[in-house]
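Each chain carries a letter (A, B, C and D) given by its place in the written order, and its residues are counted from 1.
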Amino acid sequence: MSTIPVGILGATGMVGQQFIALLADHPWFRVTWLGASQRSEGKPYREAAAWRLQAPPADGVADLTVDAATPGRAPKLVFSGLDSSVAGEIEAAFAQAGHIVVSNSRNYRMDATVPLMIPEINADHLQLLEAQAKAGWKGRIVTNPNCAAVVLAMALAPLRRFGLKTTIVTTLQAISGAGYPGVASWDILGNIIPFIGGGEEEKIETETQKILGCLNAGRIDFHPVTISAQTTRVGVQNGHTVSASVGFDHRPSVEAIVDAWRSFKGRPQELELPSAPADPIVYLSEPNRPQPTLDVDRGRGMTVSVGRLRRCPVLDYKFIALGHNTIRGAAGAAILNAELMHKEGLL
Amino acid sequence: MSTIPVGILGATGMVGQQFIALLADHPWFRVTWLGASQRSEGKPYREAAAWRLQAPPADGVADLTVDAATPGRAPKLVFSGLDSSVAGEIEAAFAQAGHIVVSNSRNYRMDATVPLMIPEINADHLQLLEAQAKAGWKGRIVTNPNCAAVVLAMALAPLRRFGLKTTIVTTLQAISGAGYPGVASWDILGNIIPFIGGGEEEKIETETQKILGCLNAGRIDFHPVTISAQTTRVGVQNGHTVSASVGFDHRPSVEAIVDAWRSFKGRPQELELPSAPADPIVYLSEPNRPQPTLDVDRGRGMTVSVGRLRRCPVLDYKFIALGHNTIRGAAGAAILNAELMHKEGLL
Amino acid sequence: MSTIPVGILGATGMVGQQFIALLADHPWFRVTWLGASQRSEGKPYREAAAWRLQAPPADGVADLTVDAATPGRAPKLVFSGLDSSVAGEIEAAFAQAGHIVVSNSRNYRMDATVPLMIPEINADHLQLLEAQAKAGWKGRIVTNPNCAAVVLAMALAPLRRFGLKTTIVTTLQAISGAGYPGVASWDILGNIIPFIGGGEEEKIETETQKILGCLNAGRIDFHPVTISAQTTRVGVQNGHTVSASVGFDHRPSVEAIVDAWRSFKGRPQELELPSAPADPIVYLSEPNRPQPTLDVDRGRGMTVSVGRLRRCPVLDYKFIALGHNTIRGAAGAAILNAELMHKEGLL
Amino acid sequence: MSTIPVGILGATGMVGQQFIALLADHPWFRVTWLGASQRSEGKPYREAAAWRLQAPPADGVADLTVDAATPGRAPKLVFSGLDSSVAGEIEAAFAQAGHIVVSNSRNYRMDATVPLMIPEINADHLQLLEAQAKAGWKGRIVTNPNCAAVVLAMALAPLRRFGLKTTIVTTLQAISGAGYPGVASWDILGNIIPFIGGGEEEKIETETQKILGCLNAGRIDFHPVTISAQTTRVGVQNGHTVSASVGFDHRPSVEAIVDAWRSFKGRPQELELPSAPADPIVYLSEPNRPQPTLDVDRGRGMTVSVGRLRRCPVLDYKFIALGHNTIRGAAGAAILNAELMHKEGLL
């Protein structure tokens, strides 16, 4: 069934491992090629990767020999979980060699000709690929957002219709967002770190504006919402929680907002993409939800959970949102992008 | 040396235990009386209390026989760590019987004639006690704020001079704030609970306005800052973290704010009260501070740590504040109140 | 498909919830009746139960009205997750009324006429039911072991052939073993509690001997292994880890032991019972396994993982074993018992 | 007062930081020299060290310029917290240059001419230093044990009089034992790792025999107790817990053992060394103690807590012991060694 061969760049890293885990039973995509750094080149994957996920990789993948992270033997479609320190060059090399690079790395997210996709929100941004064609690229690069920006953008997208103007968020982010080994247990056990490096807050503030933006004459007009983010790291394995206050041009009713969230669907649901959750957003009415351990796996990790909507005395409303940072916020997001491209005939 | 006898209401509960621990070597106050519920009455304290703190209670206290929570044998000065379900009636009974009740409970905090004290901020609010005298009370009731409101109010107090107008906060609160047994490990291990019961958010929003308010003709004019709070529970033992954005009438400079925090002192520092920290507020310039495990014990738990001050694109500034919820936010706060009253001749 | 109606005693408790979760898609059993304490009687289950598991209960069960924990309307087969403080009387009442009670409670485990089952190990112990018939019981009671005893007994069963003589274990037990609310976060966050109440160590020491025992003329001859247990509680959600040293009459080789574990199968595998894992035991050769977060869900929580087998200088060998305490150690164990009884024609 | 200058090798590492923290107010020793790797050389300590402890280093130390880890400018007495990968060569170089190296590293612990000290147990082992003199060393090397071996050896030392023969232990070790960054949060959050690298189990088994051994004609006769250890890593910040079973030639009474622990004193108590706890061992009679968060700081981290003594059906007795791994098990141990040497006229 799964007849489309795919490669994985950065295959031994944590995002690479998550690509492999999520693609294990994929109906369309089959992992046939793994690229990683020189240290792993030539080794069977099962030896090259220090596997940290629960279910071990399928034998078919574990037995693959890891290749260099260079174009050549890779199939046309390549997922990238490369570290941003090397993703810029390597992804460009693959795109120039004619590959379709569906990347989780941050390097090209804000590039004017690169779509920054959440398919439920901005499937039409794929039209930016024409600009890549015009620029003479043989291949293509498509990206998904930062793992916290995804959660916020999903919660905000249905609110655009009410004249969304301002957003202040504090995030409580899981340690899996920092990869492996990532955060030292010395730093996080029974603790909070009120800081995440690598420009996390700026990514949330700017990527969200691009994601929510409108395609206009082959360019993205950023959404004018002003966003302010403070990010913290907490001792949670999976699941980024976002505490948000939002202001509107004209304040809608509670019911209108809840209805906007509950009825929110997009192109992935229309096309019934394999990774698309039936409900991209669920609104939970219990007073103490969403919670990472109870809600993060909804929709196989692709649903964003929202709760506690109520009036904010400073802006207009406040609420809590939660999403799975390594699925909806990373590997699952990229796979959904590739599924969309396949159905839209772009692979 | 410690010649002033004090009693403790709710002595077997967690706040009661913290009173006993903090008063162990107090230069003025000596615990001579313990009041608790019927279940404990008549038992030696060491048997009545399920002690949960690190250092065991001193023998002198552990050997005391627990009395009923009724006036009579109690000394004039009584600290109250009673649960709010019973504090209303019992504290009133003690006040009517002529006791000075220095309470950590929430029941009378918002009463117009009861001071809601953070002595560094509003030592003059003690003048409300005259209203209690006029109302014919024989004794007095003085309260300290909610454990999260303390942290916020301390951070905001030095900012009043800049025309503080709006504040949006998300709190990350320690499990010790819920007492014992409090939060089930099932609920919080590797998790976030985006909700704290008992009206926590309302307390933060309204108590802070009273704390920051001005005494005016025997009444408190609440400070006009509008506050919006979302509270979460995290797997931290001690230390409430507050992520805040603030708006002003006229935006001050970063330097002016940091200077206001660093130079902030109050009556407790002037009077050199035993529990007063040299610095009520420290501003930490490292990018990833304050953190509970590293900073919560500053000033023996009485200092509030602030960090990460920077521009907020929606309001004016954002920052992180941290305070020890069971010391500055509970038992230590009440003891500081009593120390102030002693020095001001009000005991 | 699932044509056998089953009831659940103690349906609102944590074990009751786990029965409901595990039976959600069961091919044979369908939950049609829920019994609980007076507090819940007459309420729809969705209101009566404070549901603490990840996936919410199916509508068909959530809509059931909770009945009293008395025989009458219950179907013949009843799973019991009752607290041991009430299980004795209630389970007896159900058995006397003709029900088949498949219980997770400890009350009848050590009763001479009650099978204490791990079907892979002692499926023949079901013959004890004849003694219940002779005693004039209309119904039957069958039990599964303590959640830590299961893990140990599984690891020891294949070693009986080598003349197993002595076992010293230290357990590191998950907080879910204590139910809800169970262990206070105040007690376990960043901590170890070297004690588990309710006679946990004695249960491990004696139940294991009965489980490993031989049926002999309608009675169980306990296995003569001498067991010494120290139990600790650790901050793990699911998964009891057992650190064991074992002594034999004649010391086998490492290979013989690993082979005994890897080839271990029992009646559930023969009969292909729905809850039977393909491998009741897996032996992991990595030096740092098994680990709760990586291995507890093997075989859908029904496989016990073993690792680190090596010589013990005092006894003969030492190793680590891990099992899922709420699945293999509780609800899943009882369901496997009922599946066995069904296939053996005992329902 | 503190007139003896001391140097610290490996000053920027975690053990080095703990030396600095513990020596901050030492009555005899004053830190005047810091040695570290090339990366730190020439920098002020406050810049060179990524300080991870609660209280910041005193200005006097923070302002010191870090030197190379070579003899020359260092004072005579040098504490070593060097990583074992480099400690062998560097400590030898310092000893040859005439320094007294009081080391926490493992490299020379099992050397026949190097004392492996717990001063309460084997203060006389310092006589091994004569062998170093005979071997022509200008300086000396003295070591303290592995952080888990200390806890076990302390608990066993008073039991030697009863003919201690066998010991089986499982340890539950804190993450601080692995240094910084040490254990990844990904690996330990809500998890147990049943393995500690670097030969931890062998160290516990063999170092304990040397510590408990007798000086005999200038050599240490190892104690004949046979020890079997399984080590696990748990999500605890500080405090190694040891679950032990012990066998004797002649089984003593419970009272005799408890009395042996409670009355245990040694040379540090006789000499009233500054770091010596009044009670090297406390026996706690509560059924659920010792616990890391409640008991680890007893005796300022230098007391080992023991509890739950009861009969073991396989060997003779079982019990739980707990000690602070970075104080009694590392920096505090080395400082106590140096204090003893000073009082014995060996500096």
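In this text, a residue touches a chain if its C-beta (ideal position, glycine included) is under 8 Å from a C-beta of that chain, and two chains touch if they have at least 3 such contacts.
All values reported here derive from a predicted model rather than from experimental measurement.
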item	value
Far-end chain from chain B, centres as C-alpha averages	C
Winner on C-beta contact pairs when C-D is weighed against B-C	C-D
Whole-Å gap separating chain B and chain C, where each centre is the average of the chain's CA atoms	47
For chain B paired with chain D, centre-to-centre distance based on mean C-alpha positions, whole Å	40
Separation of chain C from chain D, taking each centre as the mean of its C-alpha atoms, in whole Å	42
Overlap residues in chain A, where contacts from two or more other chains coincide	52, 187, 189-190, 235, 237, 293-294
Footprint of chain B on chain D - complex, ascending	54, 189-190, 237, 293-294, 297
Chain B residues touching chain C - in the complex, by the definition given at the top	52, 175-176, 180-190, 235, 237
Residue ranges of chain B touching chain A (in the complex, touch as defined)	166-168, 170, 172, 187, 189-195, 205, 226-228, 230, 232, 234-237, 239, 241, 243, 245, 247, 287-294, 307-308, 312-315, 318, 320
